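Same chain, two partners: subunit A is paired with subunit B first, then with subunit C.
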Partner chain A sequence: MKAEGKIRVWQDYQKEIADDHYFYVRSCIRQNFFPGSEQTFLKILRTELGKDIYENPHHTTCSGIGYHSDVVPFDTIQTIVARQFALMTEAGYKNLAASCITSFGIYNEIIETWKEFPSELEKVRNFLKSATGREFEVPQNVAHASDIVYKFRDDIAARKKFSLINQHTGEPLKIVEHIGCHYSKMFPSKGVGGAEFPHVLVGMIESWGGEVIDYPERRHCCGFGFRQYLVMSNRGYSVSNSRKKFESMEPYIPDAILCNCPGCPMFLDRWQYVIEEMEGKTFGENGAGIPVLTYEEMAGLVLGYDPWDLGLQMHQTNVEPLLNKIGIQYNPELKYAGKDGKMIGKPMMVGCGW
Partner chain B sequence: MKNFGYSIIKQRTIDYDQFDGRLLNEVLEMEPSFKVCLSCGGCTATCSAGDLVSFNVRRMNLLLRRGETIELESEIQKCMLCGKCMLVCPRGINLRNVIMLIKKSIAKYKPINS
Partner chain C sequence: MELYQELTKDVRFVEGLNSCMNCGVCTAICPAAEFYDYDPRIIASIVQSKDEKRIEELLKSETIWYCGECMSCKTRCPRGNTTGLIIMALRSLSQDLGYFTESEKGRQQLAIKRVVGENIVYRGYCVLPENLVPELHPEQGPVGEWIYENKEAVYERVGANYNGEGEGALRKIPQESLDEIYRIFELTGGFERFDKIEYFSKKKAKGMGFIDPEEVYPDYVNHIYSTNNGKHSRQ
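Presenting the complex of A and B:
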């Protein structure tokens, strides 16, 4: 295909991402699993990029996990989402920035429903008005937080202290990128690169000096799958999905896995530990695991933030091999030190590849 | 090894890069009539052993063609060599000979770590 043709086709895979003035909605589970990620995102946007991003402490869960587990009805989740939009409208914002991929999918699903079925929108307006007295406008722009980091990836690269280059070999780090299923598999037009060529994490990796690994099970789900995990006896389905991916990526000797979803880094991180405990198998170099990072953590490392401020001590798969390759200095003694310098305690269970 | 209350499911993916076709090729060479099997399942429907245990001649064919020799070895032990499958086969395949050839050669081609 001619270059002009490629450019024209690629236009169909782009999405509009607002430039500034975001209303930020956090994720329920990321604040527990990767507590430094969202704070790092806000810090990068406000301090590094000088953007206006507002969050209201009264915003709640989108209830997506309950919805996908069949315990929250559609009318209920629509009204909960309408309340988030009401908080955004009251604060004078029009651009929604979601931290969570599940929420991102939920917001898109509900907005698309309202476009297709305006009667649903009117019904929900009445529900919210009668329950809370609030009114709302539908957001003009809905972006996932990774879309925003993608949009400003080159601005971050211009401020970087470290590149994704192996200091020992001088070669680009080999990174596996893993997109959350609800990012673009549900509504391909809502994700950068669509469902076929998701580019949101690829763009970050390439912009920051790394190299993306293309492996057979690249687009396979991490296995979270809500009900696959919520019922303990079903977790074998979840871990088996992750194992399939690890087996597929292992021959390429990845240095790290980069994710943009709350569930994916949680499970790709924790399941490596579980597989090691259950089968004695690890998938990284020299018997270690493959470090799993969120895009905010990766951006924070590139910008030279302290790894322990980013919350990397909360990962069950050891991240030190990656820090050593990038050449980041860290104090192992402070790994489990809290903000006030007091030790927060070492985990009782030993992590993968320790 | 720890027990977390669930297990890891073994992959059912057939990796054709790892496919070991030696047993299949030997059987096809020694019993060429097996090449024309159309997997109609008449053999399985009439099988005396299949009436009593979970033996399935068509599945045996599938395991052989996928190179799954470990499962195949335990499967063919169930055959009583009565030959009824040969009476109904629309392609006239000598299935008893196929079973005998597999039994004779399978030990040679089993994976070392099985």
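Presenting the complex of A and C:
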């Protein structure tokens, strides 16, 4: 295909990402497991890039996990989402920035539903008005937080203190990426690169000096499956799907897994520990696990932030092998220190097989 | 009640089923089909047949609870169907009619309602650090246990605002906002869904021999949360 043809085809896989003035909505899962990532995202936007991003303390869960485990009806989640939009409208913002992939998928699903079924929009406007007295405008732009980091990846690269280069070999680090299913599988046009060629994490990895490793099960679900993890007796589904991915990526000896979804990095981190406990099997180099990072954690490392400020001590699978390869200096004594510098205690065991 | 007609009242069903040609691409891509004895192609085929008896069997079956709602089927279907959306409509109807208690997997809805559902209404979150009790979440490992036992200090260290006023991760959601969420649940059928889950689950608990004078049935909840008859997976 001629170059201009490729460019034309690729245009179908682009999305518009607002440049500034974002209304930020948090993720339930990330607040529990990766609060440092949300903190880092806001710091990068405000401090490094000088962007305006506003968080209203009155915003709530979008109720997405309840919706996708089917205890929350569609009318209810539509109205809760409309309330988030009302808070955005009242604050004078038009660009929504979602921390969560489940929420991002839901915002897109609901906005598309309102386009297809205008009666649903009218119904929801009435519900919201009756329940809260609020009114709302539909956002002009809905971006996932990873879209925004992708948009400014080269600005971050321009400020980098470290590259994704193995300091021992001089070679680019080999990174596998995992995109959350609800980022673009439902609405391919809403994600950078669509569902088939998601570029959102690839762009970051390449901009920061790393090399993306393709592997057969790259697009397979991590196995969250909502009710398939929430209920203890269903978790075999979850670990089995993660395992399928680990087995698929193992031959490529990745240095790290990079994720843009709230649940995926937690599952890919914790299930490595579980599989090692159950079977003694590990998937990384030298009998260790493969470090799993969020894109904000990766951006923070590139910008030279302290790994423990980023929250990397909340990972079960050790991140130190990756830090050592990048050449990041860190104080292991402070890994489990609190804000005051005193030890919080220490996990009984960290890592999986290392 | 005509079950097929009921399904067509759900916009997700309307969006999810156009015209299935039984090609099976959804099954090929489906993470649930790989793990469970599950075939989304058959789900689409049954509802498309409009066979009331088979739809009723589906609503009472284990099958409709196997999907993980990852929506991988949406991307691949050459006819634009989404079995995941059909599943969501089937699960809603199954709960409306009380059929969900006829299957081991369906009965789990009570446990999800009691934790995730009530978190949403009364705390403004789907999931909370307090839920991650190590005995119920052994997969969280020693680090998860360390976080659970040192919640305040760990969350403070990484910049969260756990149970604090104002903005930030894990902040306390203001009561007036929770009141709005409560009224949204009242008006939009959220509490009606909760009440049906509770009503039919308690009826089932009694039928299965669980006894609780206060009608909360914690033993039943523990049972549905942890029981697996071992017959669900693809052999």
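Just so we're on the same page, the second predicted complex is superposed on the first by the 349 of 354 C-alpha atoms of A that agree within 3 Å, B and C clash if a C-alpha of one lies under 4 Å from a C-alpha of the other, contacts with A are read in each partner's own complex, and residues count from 1 in each chain.
Basically, a contact is a pair of C-beta atoms (placed from the backbone, for glycine too) under 8 Å apart; a residue touches a chain by one contact, two chains touch by 3 or more.
Here the structure is a predicted model, which means the values were calculated and not measured.
*Asks:* If we overlay the two complexes on their shared chain A, which of subunit B and subunit C does A:F152 touch? Say first, second, both or neither.
*Replies:* After superposition on chain A, A:F152 lies in contact with neither partner.
*Asks:* Kindly classify A:K244 by the partners it touches after superposition: subunit B alone (first), subunit C alone (second), both, or neither?
*Replies:* both
*Asks:* For A:Y93, decide between first (touching subunit B), second (touching subunit C), both and neither.
*Replies:* Neither partner.
*Asks:* Check whether A:W114 is in contact with subunit B, with subunit C, with both or with neither, and answer first, second, both or neither.
*Replies:* Once the two structures are laid over each other on A, A:W114 reaches no partner at all.
*Asks:* Check the residue A:V274 against both partner chains and state whether it touches subunit B (first), subunit C (second), both, or neither.
*Replies:* both
*Asks:* Name the chain, either subunit B or subunit C, that contacts more residues of subunit A.
*Replies:* Looking at subunit A, the partner in contact with more of its residues is C.
*Asks:* Now for A:S233: first (subunit B), second (subunit C), both, or neither, which partner does it touch?
*Replies:* The answer is both, since A:S233 touches subunit B and subunit C.
*Asks:* Determine, under the contact definition given at the top, whether A:W208 touches first (subunit B), second (subunit C), both, or neither.
*Replies:* A:W208 sits against neither subunit B nor subunit C.
*Asks:* Which holds for A:Y295: it touches subunit B only (first), subunit C only (second), both, or neither?
*Replies:* Once the two structures are laid over each other on A, A:Y295 reaches no partner at all.
*Asks:* Determine where on subunit A the residues touched by subunit B overlap those touched by subunit C, and list them.
*Replies:* Common to the two interfaces on subunit A: residues 232-237, 239-240, 244, 274.
*Asks:* Quick one: in the complex, what on subunit A touches subunit C?
*Replies:* Touching subunit C: residues 26, 28-32, 35-36, 38-39, 55-61, 63-66, 68-76, 78-80, 83, 105, 113, 116-117, 120, 127-128, 130-132, 134, 181-182, 185-186, 188, 195-196, 219-221, 223-228, 230-237, 239-241, 244, 270-271, 273-274, 308-311, 313-316, 336-339, 344-350 of subunit A.
*Asks:* Please output the residues of subunit A touching subunit B within their complex, sorted ascending.
*Replies:* 232-237, 239-240, 243-244, 247, 274-275, 277-280
*Asks:* Which part of subunit B faces subunit A closely enough to touch in the complex?
*Replies:* 1-9, 11, 13
*Asks:* Flag every residue of subunit C that touches subunit A in the complex, lowest number first.
*Replies:* 10-12, 15, 31-32, 34-36, 65, 67-72, 74-75, 82, 88, 91-92, 95, 105, 108-109, 111-113, 115-117, 119-120, 124-129, 132, 136, 139-147, 149-150, 153-160, 165-171, 173-174, 176-178, 180-181, 183-190, 192-194, 197, 224-228, 233
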